[in-house]
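What follows is a set of structures for review.
Next come two complexes, and both contain chain A; in the first it sits with chain B, in the second with chain C.
Showing the complex of A and B:
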């Protein structure tokens, strides 16, 4: 809970820093604040506390995910500093991002549907604006508009679902709903199941699972690269954690009613996104589809729900986020002003900046799931969970689709090492980005070598 | 008596909601939407939720409708020609909306009318009860909404002050720039909506 206070305080502070003209110290203070938030969260480890008449519950699951979100946010701020410094509205952008982090923390720690809704809205409203923050760029405007319209539509579904579930259970509290739903030999009216399905639609939109993913490529492509990085890491983590928390705790008792639907969504997500990603020329669009695909892998844990599902998902999310942040940092450096680059922009990168090329290789290999990197073990654990629960077909399909994934990730790697480019001027990277790349690199390798650091945590 | 009022209001609400969809002129649509909102608001009255009724009237029928009208007139959308939609899209929309309706109707059919204790119901919409709930059980959401509003406000200001430079400029020049920026945004929005 202290983390929530710190994050909101930081947001308000960054607004005030515009008035008092202390923009220079804002960045270090934000980094310190995020680190402090993560520390305070970790100190609450193993103590289940609920706040404000059970609106938020910080159990280990919530603590792990909110600490993860704070740390990824810290990395993200390191990545986006130079982009925002060239922008006149640094403080506003920082404030919006910090507010959206507050929403993200609510989304992983809620134990009341009202908080889930508020968390999603705080996160989304800030994002709609961030997506359109390049105001002269028509694509950015389109991204904001599309995201806003589709997002409001999805929120409508979510609210309708919440209302129907409330109609049956008479409460917004997750524990009470779980108890009501788990009551043996009660014939629930189909109102409940309609509500569960509608909430699923709303949340599947937020994680961009396949039948509800149409907004994702355009929004990811149109938004500024740093905002895209934010969407495909922090927003994805928060949205998936919210999805998982709701369905694994609240509706676990009626899982027979929804598990088939999730399974269909998972299969569609895995197949459609991976195949579409192959056909993308723009690297950003390719990364967008790959992030849709990763949502599919995460959904497998929900289909094959057992007691180690949540630690598998945490490990997956952390490895995915570090690799993505690294990939987006490099894309940001390579693309520079030009937002939509094709794989050709990476031609001969190894000569222009060998360290960047190496980091990109590791990040992409981790995303593709090549041992010994973190991405491989993340997929491995998820497949193990699914295998133990008896979903052999799903595992086979997921392995096949990750093979397709290797193809499109390798296209960039091949471009970097084997193709030559006319431009041979070396690319300068800011010190902060080099530090960030080293951190992501180490995280991908260390987590891959020693997955026990995270895997048995929750 | 209440039952007749309920049926009358529901009939009116559904009718005007249909008119919102079917009328070609966006301004008519908005005006029909006002009627829909008023009818829904009156339903709150029937459920003896006076506070909700007042809020609903002020926020929806008042503020949001004015915004709608303002935007429609600002963008000069009050023409009768709609953007052409392909038959394929219409077909898909009708099918999915029909499926959704089927789900909702099926869900509502199975539901039994719950037995409500009417002695508590008469209090449920009173401001006092609502206030008690908001400041006890729902204190955190109530306070957290302020962050949501703050974020929305920051965003609105950010979008509005688009191209103004930080350096001091003569005021008339600034205004000129702002209006050019506004025009840019308007044309952008128009191109997007096409």
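Showing the complex of A and C:
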């Protein structure tokens, strides 16, 4: 809970720093604050605490995901510092990001549907503005507008679903709803199931699962690269954690009613996103579809729900986020001003900046799921979860789609090592980005070799 | 302890190499691979052939998922570790005359590859085996991608996706077996063996195919071989040597360690299919080799034919066949590295590997010709060369299995003689031409690589007993496992 105070405080401080003209110290203070938030969260480990009359519950699940979000956010700030300082009002944007982080923490720790709704809105409203932060760029405006329309649409679904569930169960509280729907031999009106499915639609929009993903590629492409990175890592973690928390605790008892739907969504997400990603020319769009595809792999854990599903998801999001942040950082450095580059921009990168090429290779191999990197173990863990619950077909499908994944990830690797480029000037990267790349690189390797560091947690 | 050292020394050497300057890279890679060879020799000296798995290390790794760092050496793995650590210094040495762009990356990839290969051969934990199996793919992919020939982007990607597809299906098989282990699930070899052997025959058949696919692609067996000729041709010579000399043995080793004892009933059921595929591959690849105009492609196809024979002999589930497979793996590795190196030498002097445009090298380069003769005879399995011992045992086994199939498999030797002798005749003998007139004979480096190969081919041909003795006990115990199930079936 202290983390929420710190994050909100940081947001307000960020706004005030414009007035008091202390922008220079803003960045280090934000980094320190995020580290402190993560630390305070970890200190709450193993002590389940509820706040605001049980509207937020910081159990181990919430603590692990909130700490994960804080740490990924810390990495993200390292990535995006120079972009915001050079191109926009740094204070406003830092404040928006920090407030949206508060929303993200609510989304992983809610124990009341009202709080879920509140968290999603806090997160989303900041994001609508961030997506349009290139004010004079038409695509950025389009992205913001599209995101806003689609987002409100999804929220509508979610709210309608919450209302229906409330109508049947008489409560917003997750535990009470769970107890009510678990009651044996009660025939619930089908309104309950309609509510559950509508909530699923609303949340599937947020994690951009197929067929609710149409907004994602355009929004990801139009937004500035750093904002895209934020959306495809932190927002995805929060949205998925919220999705999983809701369905694994609250509606687990009626899983027979929704598991088929999730399975269809999972299959569609895996197949459509991976195949579409192959046909993308823009690297950013490719990464957008790849992030949709990773949502598909995470959804497998929900279909094959068992006692280690949550730990599989935690490991997956951490490994995915570290590799993604690295990939986006490098894309940001390679593409620079012109944001929507094709794989050709990576031609000959190994000559222009070998370290960057190496980091990109490791990040892409991790995203593609090649051992001994973290991305492999993440997929492996999810496969075992699915296997244990008897979804062998789903595992085979996931394997097939990850082979398709190799194709589009390796296009960039081949461009970096094989193709030669007309431009041979070395690319200079800021020190901060180099540090960030080293962190992501080490994380991908160490987590892959020692997965115990995370999977034992929850 | 020695097993751990064998795996981690090349990795440590890779890290050290990354910190070195480009001119030192070659020397360090050679030194490191020689140290690795020395470690292997220490293992060989201390090795007790009859004692099963030795030098065992077993640490929990991901305890909650039943994964441990569990490795050990028995006779079968020792032969392959020996082959790997023997060939790696030769491969490193063979690259000395080439000046590669970015030598640090090149040699660190080779050392990394060595670590992964040794890991594959000593792993006794299914998951650990899989990790090393995949780890071996990454360095060879980048070696081919960065230092390969024309059209390497598409060719190497095909190779990568092809082999990865096989491996992933194997992973499904391994996960399935893992969930069959009783109580706290485990990936340990013994647990997987017990779980696999207890399965009903039909399920064993499925598992057989899941695992066999990965191994068949790696070897490769017809019809899973389509990645191979292009990849061998496109890869730089050292990459081709690694692929054909060592990496292909991963597939055969996989069959021996992770297929035969895991699902013996499934093997019994499908062995005839595997033999037929292998024999089709033998005939098919030999015929293709005969019509090749390019030396490197010719050797690539000849390799497919020889590996087909090893697979066929192995799947006869006959003790002679297994023993023959062991010795032939070593022999094939040594011979094929020699052949590819000779082609590399010819190419570096004449800038061509087309058979028709060569000829008459003998008069300019008698040493090279002599070496080529010995290596070629090893390849066509003349008595008193290393090739003979293995191929004789293998054909013997296949013949016992079925006379017709045995006769077809015997074609490897005849057709092999056709294409090898003809390519030798057309490149080395005959009239010299402008390309070959000023051919320079072997240099010192080249001698250091080729002479040991020649000596090994002859020594193993005359006195194979020590090698046979290393693997005999391990092969026996493997055969006992399978023979039990054959008895039950009949």
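Rule of thumb we're sticking to: the second predicted complex is superposed on the first by the 457 of 458 C-alpha atoms of A that agree within 3 Å, B and C clash if a C-alpha of one lies under 4 Å from a C-alpha of the other, contacts with A are read in each partner's own complex, and residues count from 1 in each chain.
Convention: a residue touches a chain if its C-beta (ideal position, glycine included) is under 8 Å from a C-beta of that chain, and two chains touch if they have at least 3 such contacts.
Note that the coordinates shown come from a computational prediction; the quantities given were computed from them, not determined experimentally.
By the touch criterion stated above, A:38 is placed in contact with neither chain B nor chain C.
When both complexes are overlaid on chain A, the residue A:382 reaches neither chain B nor chain C.
Contacts of A:62 after superposition: neither chain B nor chain C is touched.
In the overlay built on the shared chain, the residue A:53 is in contact with chain B alone; chain C does not reach it. Number of chain A residues touched is higher for B, counting chain B against chain C. With both structures placed on the common chain, the touch criterion links A:371 to chain C but leaves chain B unconnected. Legend: residue contacts after superposition of the two complexes on their common chain; A:191 is shown touching chain B, with no touch to chain C. With both structures placed on the common chain, the touch criterion links A:418 to chain C but leaves chain B unconnected. By the document's definition of touching, of the two partners only chain C reaches A:406; chain B does not.
Look at A:121: by the touch rule set out above, it reaches chain B but stays clear of chain C.
In the complex of the two chains, the chain A residues touching chain B come out as 8, 11-12, 15, 51-53, 55-56, 88-89, 92-93, 95-96, 99-100, 102-103, 106, 112, 114-115, 118, 121-122, 125-126, 128-129, 132-133, 135-136, 138, 141-142, 145, 164, 167-168, 189-191, 193-195, 197. Touching chain A in their complex are the following residues of chain B: 103-104, 106-108, 110-112, 136-141, 144-145, 147-148, 150-152, 154-155, 157-159, 162-163, 165-166, 184-185, 188-189, 191-192.
Touching chain C in their complex are the following residues of chain A: 365, 370-372, 376, 380-381, 383-384, 387-388, 392, 395-396, 399, 402-403, 406-407, 410, 413-414, 417-419, 451-452, 455-456. Taken in their complex, chain C has these residues touching chain A: 61-65, 130-131, 134-135, 137-138, 142, 145-146, 152-153, 157, 160-161, 164-165, 168-169, 171-172, 175-176, 178-179.
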